[in-house]
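Have a look at the structure below before the remarks.
A, B and C label the chains in the order they appear, each numbered from 1.
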Amino acid sequence: MKKLLLPVVVFCLLFSAVAAAQGPVQGGTFRYALTTNPRGMFNPILNTEVYDGYINSVVYDGLIYIDENLEPQPKIAKSWEFSEDGLALTFYLHQGVKFHDGVELTAKDVAYTYKTILHPEYTGVRYGDFSMLVGAEDYHNGLADQVPGIKVVDDYTITFTTSEPFAPLLSQFTYGILPSHLLAHIPVGELELADFNRHPIGSGPFKFVEFLTDQHVLLEANEDYFFGRPNIDTLVFQRVAEDALPIYIRQGRVDYAEISPENYLEVSSIPGIDVYVYEALSYNYICFNMRQPRFADPVVRQAITYGFDRETYVEVLREGFGIVANAPIPMASWAFTSEGINEYPYDPELAAQMLAEAGWKPGADGVLEKEGMRLEFELLVPEGTRVNEQMALLFQQNMEEIGIKVNLVFMEFSAAVDRVDARQFDTFTMGWSLSVDPDPYGIWHSTSPWNDPGFYNERSDELLELGRRETDPAKRKEIYAEWQRLINHELPTMFLSYGVTIAAVSERVQGIDTEPGPLGPLVSLDKLAQIWLLQ
Amino acid sequence: MAMFWRRFCRNRLAFAGLVILVLFVVSALLAPYLTTHDPNKANLRLRNQPPSSAHPFGTDDMGRDILARTLYGGRISLSVGLVSAGISLVIGTILGALAGYCGGAVDTVIMRLADVFYSFPFLILAITISAIFGPSIYNTMIILGVLSWPGPARLLRAEFLKFKTTDFVAAATALGARPGRIMFRHILPNAFSPLLVSATLEVAAAILSEAGLSFLGLGVPPPAPSWGNMLNRARPLHILAGMPWMWIPPGLAVFVVVLSINFVGDGLRDALDPRQEKKDY
Amino acid sequence: MWRYIVRRIFVQGIPVLLGFTFVLYFVITIAPGSPVTHLRGVPNIDEETIARRQAQLGLNDSFPVQYVKWLGRVLRGDLGLSFDSSRRPVSELILERMPATILLSASSIVLGWVIGIPVGILSARYQYSALDYVITFLAFVGISAPSFFFGLLLLYVFAARLNVLPAGGFFLAGEPRTLVGYVQYLLLPSITLGLGSIAGIARYMRSSLLEVMGQDFLRTARAKGLSENKVVYKHALRNALLPILTLMGFTIPSIFSGAVIVENIFAWPGLGSLAIQAVNERNYPVIMGINLMFAVLIFLGSLIADISYAVVDPRIRYE
């Protein structure tokens, strides 16, 4: 038996080597596992669910796309340039790009797509991304019927203008371009009800075929794709039960799946499956309500951070899938810095000492007190994620050791968000997923509605304003480095860990990024147009 | 009574069920004496340990002792079962008695209300309400209790209709007894047997429902142990396959307790209803 | 008969459904969390966009106004538009998932009957035999097992270990929809869902048959010299099956409820996951639509059970 096996193995190896050497072959079906069902809003300016976005990103192409290093790269726009003053951004489009119905895509379609987002009756959620365009606000509020900030120069040239430099602007032009010839006649307020959204027509590498609710979305290769026909014939987003995902992978019924850390060992032991681990653009945290006097002193927040064993949290509870975070810009971003960042290593004695020096003394029940304030507070934990629950338990125990009493309140997610929005919390734990541009203004500026801790710091606001105006990347990096050091010292929230994503990919899939950056082995889904399958 | 007991004991399954049930209740009550471990004390160095002498049932993914969690979880699961069955019985008894005794408009309104509750898709509604008011032990008890009163109510109404026309009620009325007295002193005791049987089944159903809700993360919230949420934690395949000690104790506990209650209920039915003696064991 | 049906629907059904929807709508609107909560996670979203959405969805109205508007639409046959980004008609969301839920529920009911009835007959036919004891015991086991966990174990054994059945879900895209395929996908979820009713029906069948067999007309039949088999299968069975029909009406609600959990475990493309998703997102029209639909189905189920009871048993007449 053993003797027999060896030639077979060699043959297989040879075969796959030959296949690999042959280069891309056409054909086959690629199945991407989804544990949550897409909703069926296949319109890139109207969808809010991430899985609908998956379908949109292969049916439509944007002006640009973001590569594995998070750099903008040309797509429908073959190039672009900023004006001298950094206010005007001009895209030059490829000629001959065609929608799936054969009509050519021109600057008119681009203008339609972005003007619709600014329209007063627009029902989607992207207005905030482009509200800085010249005249956008007036148009959005119905005070003007044109947007001076969007100008079609000719069929293949379009210029977007902002009133002041806005550094993140370029990276936001990734949304798929809609065919205006099919949509312009529909009132913007009714666009979300259009049948088009269920039968999308874009210019992307795959044509939409069918959407079977709770089962799958089926797409086929676009034979006339401007950038070359995809190698795979069929692309399927297959819905799979979360509990059964490892079985699906083992049975070879899906080729690609994002898996949870607890399934890592199980899945990585499956023959024929490669598992990739990469940093995601996300982090989680415990937020302090700084409106409460007891959390107003940074020493308290720092001591709590020293007193929580975040290394154990990441190494044991997250099984090593994560990186302890100390500031809100993820490691994967170019703006990340570790220079001058305090890592707050676990040190309960230091924590206790800091609190004692700040005047906190144990009360009758051992809980620290100072001037009528007590270090007994609630931690609001959204239900449903096991690792959150474990983290909360660990936090509770660690805090008890330094004289702080934490009461855990588990709540269903929507209800928890309600409490946070009403600022009725002491502390809570959640996470943020971030966009490609590191601009933290939206979460951290004192005027932002999402500034949950109630953090106000003059210098921080100043840096955030500077940061989004600065178009020189090197200078911008400097600004964000200083800002990270400031946040790292102030700790309006305790940062827990940067997220990590785990992808399981069948070995028959060739042409993926085997050293994936934050966008994964398929670089969002961009690589789907190039991968091929061993037959 | 002696007669009843003899009958009941003759049903071997019922008797065995009762013994097992008593064992579970006693062990839940005596949990602190049966284990020295704190069910909520996490110890990350001892995660996912298979059974050993220190931890006879092993430990879970937070290093908590499974035996302790199963015992303390029994307290919660059993009390959810008892309390919610209690709630549904109290509501059901009062409304059912009123409907049966008063008849007329009162009967119509109450029975229509029972229909409303009966037409609720039970679990979907339980999920809705639990998600909305936040999972908690008390909410679980109330939801399960409030949603399942129509069963006992219908039963009691039927009994009342049956007894209302009997001579001894007529006699009591003639003697000037007040309606409340008649309802609860004279008729209710006669309806006791079917009520008791339905009570046992309500408890069994409530324990299963609690487990189902907690399994979906909508019942008893962590970190307090309940059999349902312990099972919920065993959902991932690697635990199901590789760490059976995490789900066998709570799974078996739910199963055995519900089985025992069903046996007891069956035995009660036979013992309390001599007419059916030959029909079942 | 027709008068009875009409009365059941208009005097009983409609008021019950009205009361049900009123209570439910009230409960979901007073709940914490709002249908626009999840928009908070969208990058760069501004408060105004959320406020606009809230107004657009009619969430600024008070509860009575919202309910009356909803009811008005429902009476015109319109369940409204889903609150999620797809804005699809609720009726469409429900209708496209209905077949799967009905398929699963129906097959587990059929399973309950096909297995439950013969087993019950055997048990009664050989009363007090070892077979009877085993069946009775197993029936109790079936009633007492937590079905959701049982389903998970089935998944593990048959899909993960033995690799003979798919791990839940429904046909893959492009997979031919053969009868064998249907059976393969249906088997585990419908056993999980049907476990309780198999056991219940078996026990019910047994006691029903035993009761009938003690009756006079069967003694007459026996006295006439008919063989015991003939007595049981020709005469007793017909009469014993009657009460089983009513049982159907009672099992429907629990089957539908159970389907929610089973669908969740097996990623069955039915209403279960829609229901849970809708609740988590406070998608009012979808929550209302699903609950209303189930309530109607349950009502119809009990009505049909009553009617069929009357049809097969000429002694029963409804005025």
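Just so it is clear, a contact is a pair of C-beta atoms (placed from the backbone, for glycine too) under 8 Å apart; a residue touches a chain by one contact, two chains touch by 3 or more.
Model, not experiment: these values are computed from the prediction.
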Per Cα centroids, the chain farthest from chain A: B
Chain pair showing more contacts of the two, B-C and A-B: B-C
Distance from chain C to chain A - Cα centre to Cα centre, in angstrom: 39
Mean-CA-position distance for chain C and chain B (Å): 22
Interchain centroid distance [CA atoms averaged], chain A/chain B, Å: 46
Sequence positions of chain A contacting 2 or more other chains: 243-244, 246-247, 412, 415
Where chain B touches two or more other chains at once, by residue number: 131-132, 134, 235, 237, 241
Contacts with two or more other chains, residues of chain C listed in rising order: 31-33, 152, 160, 264, 280
Touching residues on chain C, where the partner in the complex is chain B: 12, 15-17, 19-20, 23-24, 27-28, 31-33, 128, 133, 136-137, 140-141, 143-146, 148-149, 152-153, 156, 160-161, 207, 210-211, 253-254, 256-258, 260-261, 264, 275-276, 279-280, 287, 290-291, 294-295, 298-299
Chain C partner contacts - residues on chain B that touch it in the complex: 13, 112-113, 115-116, 118-125, 127-129, 131-134, 204, 208, 211-212, 215-216, 231, 235, 237, 240-241, 247, 251, 254-255, 258-259, 262-263, 266, 279-281
Contact footprint of chain B on chain A as seen in their complex: 243-244, 246-247, 260, 262-263, 265-266, 312, 316-317, 383-384, 386, 389-390, 393-394, 397, 408, 410-412, 415
Complex contact set, residues of chain A against chain C: 29, 31, 37, 39-41, 46-49, 52, 123-129, 131, 192-193, 197, 210, 212-216, 218, 234, 236, 238-244, 246-248, 250-251, 253, 412-415, 417-419, 421, 433-435, 442, 449-450
For the chain B and chain A complex, residues of the former touching the latter: 40, 42, 44, 47, 61-62, 131-132, 134-135, 217, 221-223, 233, 235-239, 241
